[in-house]
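Here's the structure, in structure tokens; my notes come after.
Each chain carries a letter (A, B, C and D) given by its place in the written order, and its residues are counted from 1.
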Amino acid sequence: MKRYSDPSESLSERFARVRSGSKAIAAPLSPEDCLVQPALFASPAAWHLGHTTWFFEQFILSDLVGYQRYNPDWDVLFNSYYESLGERVARDRRGLQSRPGLNRILDFRTYVDTALIDALEHHRFSESQLQLLELGLNHEEQHQELMWYDLKYLLGAQALTEPYARNCHIDQFEAGPSGWIECAEGIAEIGFSGEGFTYDNESPRHRQYLPAGQLSTSLVSNQDYLEFIDAGGYRDPLLWHSEGWAWRQRESIEHPLYWRPAGAEGWQQYRLSGVGDWSASEAVSGISWFEAAAFCRWAGWDLPAEGVWESAVRKAPDALNTGQLWEFTGSAYLPYPGYRAASDAAGEYNGKFMVNQMVLKGASRATPPGHSRPSYRNFYAPEMRWMFAGIRPFRYRTEP
Amino acid sequence: MKRYSDPSESLSERFARVRSGSKAIAAPLSPEDCLVQPALFASPAAWHLGHTTWFFEQFILSDLVGYQRYNPDWDVLFNSYYESLGERVARDRRGLQSRPGLNRILDFRTYVDTALIDALEHHRFSESQLQLLELGLNHEEQHQELMWYDLKYLLGAQALTEPYARNCHIDQFEAGPSGWIECAEGIAEIGFSGEGFTYDNESPRHRQYLPAGQLSTSLVSNQDYLEFIDAGGYRDPLLWHSEGWAWRQRESIEHPLYWRPAGAEGWQQYRLSGVGDWSASEAVSGISWFEAAAFCRWAGWDLPAEGVWESAVRKAPDALNTGQLWEFTGSAYLPYPGYRAASDAAGEYNGKFMVNQMVLKGASRATPPGHSRPSYRNFYAPEMRWMFAGIRPFRYRTEP
Amino acid sequence: MKRYSDPSESLSERFARVRSGSKAIAAPLSPEDCLVQPALFASPAAWHLGHTTWFFEQFILSDLVGYQRYNPDWDVLFNSYYESLGERVARDRRGLQSRPGLNRILDFRTYVDTALIDALEHHRFSESQLQLLELGLNHEEQHQELMWYDLKYLLGAQALTEPYARNCHIDQFEAGPSGWIECAEGIAEIGFSGEGFTYDNESPRHRQYLPAGQLSTSLVSNQDYLEFIDAGGYRDPLLWHSEGWAWRQRESIEHPLYWRPAGAEGWQQYRLSGVGDWSASEAVSGISWFEAAAFCRWAGWDLPAEGVWESAVRKAPDALNTGQLWEFTGSAYLPYPGYRAASDAAGEYNGKFMVNQMVLKGASRATPPGHSRPSYRNFYAPEMRWMFAGIRPFRYRTEP
Amino acid sequence: MKRYSDPSESLSERFARVRSGSKAIAAPLSPEDCLVQPALFASPAAWHLGHTTWFFEQFILSDLVGYQRYNPDWDVLFNSYYESLGERVARDRRGLQSRPGLNRILDFRTYVDTALIDALEHHRFSESQLQLLELGLNHEEQHQELMWYDLKYLLGAQALTEPYARNCHIDQFEAGPSGWIECAEGIAEIGFSGEGFTYDNESPRHRQYLPAGQLSTSLVSNQDYLEFIDAGGYRDPLLWHSEGWAWRQRESIEHPLYWRPAGAEGWQQYRLSGVGDWSASEAVSGISWFEAAAFCRWAGWDLPAEGVWESAVRKAPDALNTGQLWEFTGSAYLPYPGYRAASDAAGEYNGKFMVNQMVLKGASRATPPGHSRPSYRNFYAPEMRWMFAGIRPFRYRTEP
């Protein structure tokens, strides 16, 4: 793990900026909004605020001489999944913990932030402590993005659908200009290299042999996806993976998550700004990998392999208009050759999720600036659909 | 349905008193506490506050000329189970509704209370409207008791167990002085008669032939129940109903709900005042009908039939020290001979629950004063244990 | 428990007759038919044949000096629910036990029958042994009736519906001639008295105070029930118990179990003789207590209390045309006053089921001759519908 | 798809040989054994016998002029998962279909075999028909192997564990001699080439860039695996994938599927020959991919990528002693670059399973001779453990 460094911003300033970002996301929400867990895959905003704080206390502050834990009884609440760090509240019970409540969690944040900024000034951090701090900041940025997913889902699942903020446009995703870029066959170096922060799952850098083909310069639009729906895409099992079809039937999936049928007029879209007009030109989102794969099969396309995507974006950084939505790939989330998870608690960060998930590349409009890079490997199970993800098609070159 | 009347209190005064009682119960709770639904059988305090208010608006105010509904969109949230009144949020999703939130619900209460008190002053209520108002007040009193059950359960289910109020003693139940009173064999008139409010399930008054036996003057104490546990009562299937044993195994039930194992020292008790000493002399509570029946079989006793209980309490009102806990009976909750549910929405109040439930008689320390009477029929499914209920044994007279 | 005695048939003859009856019921079935468990509430025919045999071996033969158990390893398979007799295969796994298979189970029957008939000739049975033998015969007769229910359900649940036997008419139930008989108000003696066998749940005989009303001389017919359906009975929640409505929705119940929609022509009926014409005049069957209660509420009737039924059938044995179908009552299955289950394994026979079940009275066409009597208390949970049960309405007398 | 051809055996002879193989596997089983479905992932032997027959009738015979379907009503029973071919009995209900039963299914086999052999003699098959016949034979061979898995599981899951055949040694797997072979870094051609039959998932042949390392010449033995268990491998979550650990806890997995704790003496093994001694030297089997991955993490090894395995076995066919057990790889089962499933029903054969499954390479002792090849891609979900699969470790070369 390497560290990020920007000469225009001190580490204290950066820490304060990142930390205040999380609070800003939650600011328009009520204490009740911050507590509800509307689905197993989502977490309450208050939990995100507590967990990210716990991360700094657990991995950095608690090792500093003289630091007084805020409240060790809270560990059980704010440990997410670190088996090596003791018992914790089951994930599906996060929304049942009305105590300590939003206000006390915000006090906890202030306490930890003050202590950490103080330590940055008066304490000489070791390289490994600086790396854990870097991990903590990146971790918090990941949770900021999850907060957007979770609060959009939460507010959309209410019986009373009320907007997060009328002027919020973070979930209006541009599809970009149409076109295809050529991807040449051959060996490519894949994985992280260079300076700055990286997750362990982006290494070791290694060689892959990439197939030839073309990658779309635009994402699939709502209009494109509507044609798939209108052609019966949700009713034809031959377009679907067997497991995807079973999922679709069990969950009665018939359209993207935030599309709402609007009678004869067609569709509306629920956005953070409220329920409004359906937009033909926006990039489709609120779909699972299963739906993305069915769409591609219907269209005669494929999803790009993660190496193809990474190589293309390195060669033509601006051609692909990335950063609107995470982009599904056809690659399973597996370790790179020779990967070894760290043996400490931080080793639980990535490696243990490397099964039954698919890789997504790029970034979304909710990804904090500077948080992504070509080697970044995001991952979700193929039935997940609440994250901000879309489809960039790939066409294999067929031999003449 | 008849109406209650107390010359010392006007109807407006009574309405205001009952309504403020609900708010008082919730006063020590945070907005988050008021939202959480810790189990399917419990409801959030905020929901209770909204639902009881909706009841007055739906059944009384909405019929008054000129009344403006507070927000008809909320019907879907605060209708509990009235099939005849349209769609509603599924019971298991009440805790997911962060909107409208506690503060807006309290505003709704104020709006409805103002309108109703105003109507009482300026509007001439018909007899049926007065009866619905009476039903609404009794309904709210029932929910006040449920609020106590639910908030005790909620706070006890938190990872951080914090007291409701250190000086709250509403859940310290006295067992009462030991002894047995004679119950003679013969015909008794059972069911409601006289003046005042009554639920439809207490009628028609009718004759039952009661068996001879003796009814305990005390409730089963924690000490009595501990002997059952120590004798292996939770490990001997022959003491249990088949369905009770399956429930016990499935749920890993091994002691009353709010007893907590405390190592070699034995037990602690969780109460609304916090986790504290186990009391041998308190009446046992936090048990299901299944456990009560197993205890009685172990002890060689029975649960009294509801008619036996009602007859005994009429004959010797003070001998039984009732009012600490609702008391399990051996009677299934079934309609009295000739019972007919009303054909309007109020007809859904009681009759549709008359299957797979057992009758409980008496009242608990959390029952609002004046809310109960000898003919009152409370009822719960045999696996329910969060209500305030205990055991009063009965011994059948064996022929010599 | 008393014993049955018929001077025209020796105990050996009776034993052989009852035992051969079970085999006769299974005779038209294949080994595969005898193994399948189509639902949790049904048992494979081979299991019935093994379990009833185990009962005689376990409770009688194994106490006889010199008796050699056939195969003690089989106890785990053929113990039904006797917790006091050790481990057993979970009920939902009976259909997974391909071993020992039908042929070896039939060998087991022969072995036990031979031993028991030999013992009857050469061994002097004690009174308690004779009572257990009597219980065993009644137990086997109960299982014979269950075999009919189970095999009808099994063959009806096959993808390939094939008849049990074309000339089998055991499931054509007559409704009987219309009319009402008067039931007077007053005290009645209820429960078993006299000579012959009885189950413990029919005692103690005791007094009940019965309400006045009229009992129908006919059962509800398919035509009557069709009117309920056509009037929207399955779509109106106000006719149903809350738990019944939830069950109806969850299970998509819309008509009696063995009615099959037959397009514009209306209905067909599946019977043991195959799928054939729907009969307006047959008594309706294949319904649950929930459906019976909804039908009665729709019709303005009630189900009779068990005491009312028992008293009426004693007074007018021939007026009610019983014996076609078990008849739902409005009574929960609870112990009679002073009832005590026996403390040995036979004590698990009845008492532990006395919760969340409703009493049925009478007998069906599949009940072995001589097996029933007025005090007989059959019982099923309110959602069960595969047994042969129907509706006899009762009308409470309304005071003028 | 190409076709297999062996000059020493006519197509008729081969057809007859393959078809009789299935019957031979089932020969020691009773009709009841052949019906039971002991778990969702297993199918009854009778179903395998019917389904493989249906495959030939559906895909080949039904297109021949003059062929009379045996019984079209059976389609619903014997269609496995072909969505394009109409309704079918849900997979979890296969064991409930007592009709038509084993004997009639064997008649169906005879009918179809006769017709097909007759057609081979008198009818000129098109190339596509010959390819479907080839697919049908390979399909039947796959089901033969599944029959072994399923019947072993079935007999092992019985309350009465009885051997399949005392002299059956098909499930005694040799680990092979220890050692490591070098795998060089570089480009390899992966996928099917040449003559003979192949599944579509083995194509297109394409280039992969393989990492350097060493592949074990032996499979992991029971003794090796026991050391993992004794070292606490099943109790340390850090060795496991998150999803694997949750599965392990939920299913209470603590040892390989067919190991049985034998008190202080250690372990026994259930085999098709009965329950017998545990063998230290046999290759471990009855484990899932989750367990294989946890073992490798504990041992400091990896599972080989599928390309590494294929390349190694091509270079050193005899060094690896394959053919004992299918061998887990670290590769997800995904389409090769440019793969397209066929657009007809046969197109449902492989492609729709390409998600959430891992590739296994090689063959097991139960794989029919000639059925496998280096490019063969078997696949199972990571929690499956009843198939005959084992572990061949790989070591990545770490740069000096």
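Throughout what follows, a residue touches a chain if its C-beta (ideal position, glycine included) is under 8 Å from a C-beta of that chain, and two chains touch if they have at least 3 such contacts.
None of these values were measured; they are calculated from a predicted model.
The most distant chain from chain B is D, comparing centres defined as mean Cα coordinates. Centre-to-centre separation between chain A and chain B, using Cα means, comes to 46 Å. Chain A and chain C have centres, each the mean of its CA atoms, that are 59 Å apart. Our note on geometry: chain B versus chain C, Cα centroid distance of 36 Å, whole angstroms. Chain contact topology: the protein chains form a single closed ring, every chain touching exactly two others. Partner chain D is touched in their complex by these residues of chain A: 81, 83-84, 187, 206-209, 211, 237-238, 240-245, 289-290, 293, 305, 330-332, 334-335, 337-338, 343, 347-348, 352-356, 358, 382, 396-398.
Considering their complex, residues 30-33, 35-38, 46, 73-74, 76-77, 89, 95-102, 154, 157-160, 162 of chain A touch chain B.
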